[in-house]
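Shared between the two complexes below is chain A, which has chain B as its partner in the first and chain C in the second.
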Partner chain A sequence: MDKIELRNITKAYAKNPPVIENLNLKISEGSSTVLLGPSGCGKSTILRMIAGLEKETAGELLIDGKNVSGVEPGDRHVAMVFQNYALYPTMNVKENIEFGLKNLRIPKAEREKRIQEIAKMVGLGEYLSRKPQQLSGGQRQRVALARAIVKKPAVFLMDEPLSNLDAKLRNQIRTDLIELYRKLNATFVYVTHDQVEAMSMGTDIVLLEKGEIRQIGSPPEIYGKPENVFTARFIGSPSMNILSAEELKRADLPVPPKAKYVGFRPEKASIGGREKAPRENEVALQGTILAREMLGDQILYKVQSPFGVFHVKSFDLQMLEYGTNSVLIKNSDLFYFDEEENRMVC
Partner chain B sequence: METNYALNGRVRTSAAVSKKSGAGKAGAKLLPYTMVAPSIAVFCVFILYPIGYMIYLSFFHWNLIGPKTFIGLENYLDLLHDADFWQVMGNSFLYMFLMVSFSLMIPLLLAFTLKQDTRLNKFLQGVLFTPYIVSLVSISYVWMWMMDSDYGLINYLLHLFGMSPVGWLSDPSVALPSLIFVSVWKGIGYNTIIFISSMETIPQYLYEAANLDHAKKHTVFFRITLPMISPTIFFLTLMNIISAFKVFETVNLMTQGGPMNSTNTLVYDIYQYGFQFYKIGYASAMGVVLMGIIGICTVLYFRALSRRIHYR
Partner chain C sequence: MKRNVLRRAGRGLAGLILVLIFFAPFYWMVLTSLKTLGQTLKMPPDFWVSDPQWRNFSEVMRRIPFFSMLKNSIIVTIGILVCQCLTVIPAAYAFARFQFRGSSFLFGLTLTTMMIPAQMIFLPLFLMFSKMQMINTYASLILPSASSAFAIFMMRQTFKQVPDEIVEAARLDHAGEFKIMCRVMLPIARPTVVTLALITFIATWNDYFWPLVLTTKDTVRTLPVGITALHLDEGGIDYNVLMAGNVLLVIPVMIAFFFAQKQIIKAFTYIGDK
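And now, the complex of A and B:
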């Protein structure tokens, strides 16, 4: 069942050209849907429209099948976690968590019970009387989460909740969030520009660019079957190598006639010295190593070939010498894209 | 020999350097004091010395011309038994309390409604602010004319609607509220602008969070807006308390403390005793009392509230 549905949604600020035009999106109940895209792609705007903080210029927004235009944010049964947490600085942790419950006129005994539960769940028990300013970034993040969870909403809206944390804490809280999602059995809509976060958090990923949906799919689909160059490049680190098909054709490599771009993932290519000859189901590209990056469990090579510069990720920890090497890629790992940058299925 | 020279040279230079830096240090220490010296001097001559002299004079009997006679605490004892003085004190406190309450509460509500950045609101802010830039003397005269019981505009309007005239400045029970009204009216614009600028620093996301937390408008006002601007409220309250105790121009021009002493306040009373009755010692004693009151109010206010203020 669809929990949230956007029908032909358009959003424009003042008289500027619309940031989102005729967007259609269905978010199914109980999913963890990640809105992913570079900054300025409209992902936060979509989230804020679902929350009711921004009004759609045209189109319909449905929650549980009901049009919610004109329904106040507080009446939409959604809770939001802001990027900067948006904790009330004049209230202590407990009051922050309690504020929404008080406004909903939930009796005191029930409030106390819920707060104690949540505090235990997110590990804030001893900080209840502290002010937000006295907490670390990670603790503030937990308060923001607690404030959302305590209302027992059907939908959690998260606007880049991890982007203000340092890398270590981000990984830790990311795992906590996944755990939380499994426990709460609610619908998550999660906005991020970080593809790793999207891959790990999402059951569905909605990839956006300039207010348009580029692809919707599960993380394996988005990674394994990119529908266009944008998706192919956005997902994966380093991103997919995209080479000109013309150049490859001139070198007598087998490329479908209509293809304009050929792509392959750095981790699907193998680089291993001159002696390696291509087998029947492989292509070989000759190239010179420009740079080597030892990352501990893998080595990243930047390779200059007649077809352009590309990256190869090698799990063979024997560092190769600078110089010419051949790079082998299985035919099945090659992606072809047409003139409109859409994937061609061959 | 050569090494010796080198050694000597090095020792000498390092000594010179340390000496130089020592002098530099002392200079650097003195510099800030030199910079504030002019203002300290002005403060001493025009504030500290007069205060000291006022306290000194309060123990004397003096009419500005004749010799000063030391009378100890007699001025203060007289004050204690002076019924008029107690009336003046009552007036001053009533004036302070009402003026501060109104000139904070009204601007607070105005600021909350006018803070949205629309053209109408900008215009209204300008309108509200205008009285503040007009001299208090002009304002006093204008209101004196409007509040005149025989020729005044207000009574004329009351008459048009068939209501009986009010002695705005001549009725002892109405005169003080009339003066309070004028002060509040003059100060509203300024306080509103300060409140608005303070409210504008509250991040929008707090209101959004409150909105998602199902908060009603009055809850948002009392739980988000008010606590967030508490330093401004604190500051304006204190400034208004002090200025209320120091009220002079309106009293002097509009009522001269009358009718029947009903609008006589501390500063006007001090002025009367000092420069109309030439009882300098007595006026000084009242000045000391006023200074004490303002001092105590300030300290109490800081003690009571400063811990509950949220500074960002």
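And now, the complex of A and C:
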């Protein structure tokens, strides 16, 4: 069932051209839907419209099948976690968590019970009487999470909740969030520009660019079956190598006639080692190594070929010498894109 | 090591000089209030009194209706503070958070009222109050200061510094606009509120001009008017009695400062919670 539905949503600020035009999106109940895209793609705007903090210029927004235009943010049964935590600085942790419950006139005994429960769940038990200024970034974000969870909302809206944290903490809280999602049985809508976060957090990923949806799919679909060059480039680290098909054709490599671009993932290519000619189901590209990066469990090579510069990720920790090497890619790992940058299925 | 000591000594000395500059007039006032009339005119002056003349204070109370004027001062000051809270906070909140038709025009209009000197409007104001038969009432002393453009401006700036997300979080926490203003925004703005209240308190408490213009009888006059009347008494000026009156006048201000110190420092070093 669809928990949230956007129908022909358009959003424009003042008299500027719209940031989002005629957007249609369905978010199914119980999913963890990640809105992913570069900054300025409209992902936060979508989230804020769902929360009711931003009014849609045109179109309909439905929650549980009901049009919510004109419904106050507080009455939409959603909770939101902000990037900068947005805690009330003059209230202590407990008061921060309690504020929403008080406004809902939930009796004191019930409030106490819920706060104790949640504080334990997010590991804030001993900090309840502290002020936000006395907490670290990670602890503050936990308070923000607790403040959202305690209201038992049907939908959690998260606006880049991890981007103010340092890398180590980010990984830790990301895992906590996944656990939380499994525990709470609610719908998560999660905004991020970080594709790793999106892949790990999402059951569905909505990839956006300039206010338009480029692709919707599960993480394996988005990674394995990119529908266009944008998706191919955005997902994966480093991103997919995109080479000009013209150049490859000229080198007598088998490329479908209508293809304009050819892509392959750096981790699907193998470099060096096999001096032999490519096997039947492989293509070989010659190139010189421009740079090597030892990343611990893998080595990243930047390779200059006649077809352009590309990356190769190798799990063979024997570092190759600079110089000319051959790169082998299986035919099945090659992606072809047409003139409109859409993927061609061959 | 040696340089460090020198630097610290220099800093201490500079501090001492500053303290002296601020403290000396105050000390002189208290000292004079405890002298006899003869001692006040002595040359060279005494910097200490061995037999303080406490009777100067009772003299103040004999010459002017001190307690009735003190009561008037308190009523007018509290009246103005309450009125300003009721007008300034909602106005500042509205200017800070809402874009409504004419909002910037109205805000500009509010600011221009700061540029009109009191001396220019006291005559029309006097005439207006006198036509309404309001001369010699508390209302005539309170109403001209019932709002303050400066306070609205300061509060608006403070409210504007609060990140939007905090207000949005409160809206998602089922708080209405009034609750957001009172429970979320005002506590954050507390240092500014305290500082503004103190500034208003001092200005009102010490105000001489308006009470003089808008009153003709001692029954509603405030302390500054009364204290000034001290030196008009009996031809000559009794500096000792005058200073005793001044000491009585500033005591409440000192007490207020003492309690508000911390908040004032905070107001000028506001650090948002990021």
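One rule holds in what follows: the second predicted complex is superposed on the first by the 344 of 346 C-alpha atoms of A that agree within 3 Å, B and C clash if a C-alpha of one lies under 4 Å from a C-alpha of the other, contacts with A are read in each partner's own complex, and residues count from 1 in each chain.
We take it that a residue touches a chain if its C-beta (ideal position, glycine included) is under 8 Å from a C-beta of that chain, and two chains touch if they have at least 3 such contacts.
Note that the structure is a prediction, hence the values are computed from the model and not measured.
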| item | value |
| --- | --- |
| Clash or fit (per the criteria above) of chain B with chain C on chain A | clash |
| Partner chain in contact with A:Gly272 - chain B first, chain C second, else both or neither | neither |
| Touched partner set for A:Ala51, first chain B, second chain C, both or neither | both |
| Which superposed partner A:Asn103 touches (first chain B, second chain C, both, neither) | both |
| Which superposed partner A:Gly30 touches (first chain B, second chain C, both, neither) | neither |
| Partner chain(s) touched by A:Pro132 [first = chain B, second = chain C, both, neither] | second |
| Partner chain(s) touched by A:Pro238 [first = chain B, second = chain C, both, neither] | neither |
| Chain B and chain C footprints on chain A, overlapping residues | 51-53, 72-75, 78-80, 82, 84, 86-91, 99-100, 103-104, 147, 151 |
| In the complex, chain A residues that touch chain B | 51-53, 72-75, 78-80, 82, 84, 86-91, 99-100, 103-104, 147, 151 |
| Partner chain A, residues of chain C touching it in the complex | 163, 165-166, 168-175, 179, 183-184, 187-188, 190, 272-274 |
| Chain B - residues contacting chain A, complex | 203, 205-206, 208-216, 219, 223-224, 227-228, 230, 310, 312 |
| Partner chain C, residues of chain A touching it in the complex | 51-53, 72-75, 78-80, 82-84, 86-91, 99-100, 103-104, 132-133, 147, 151 |
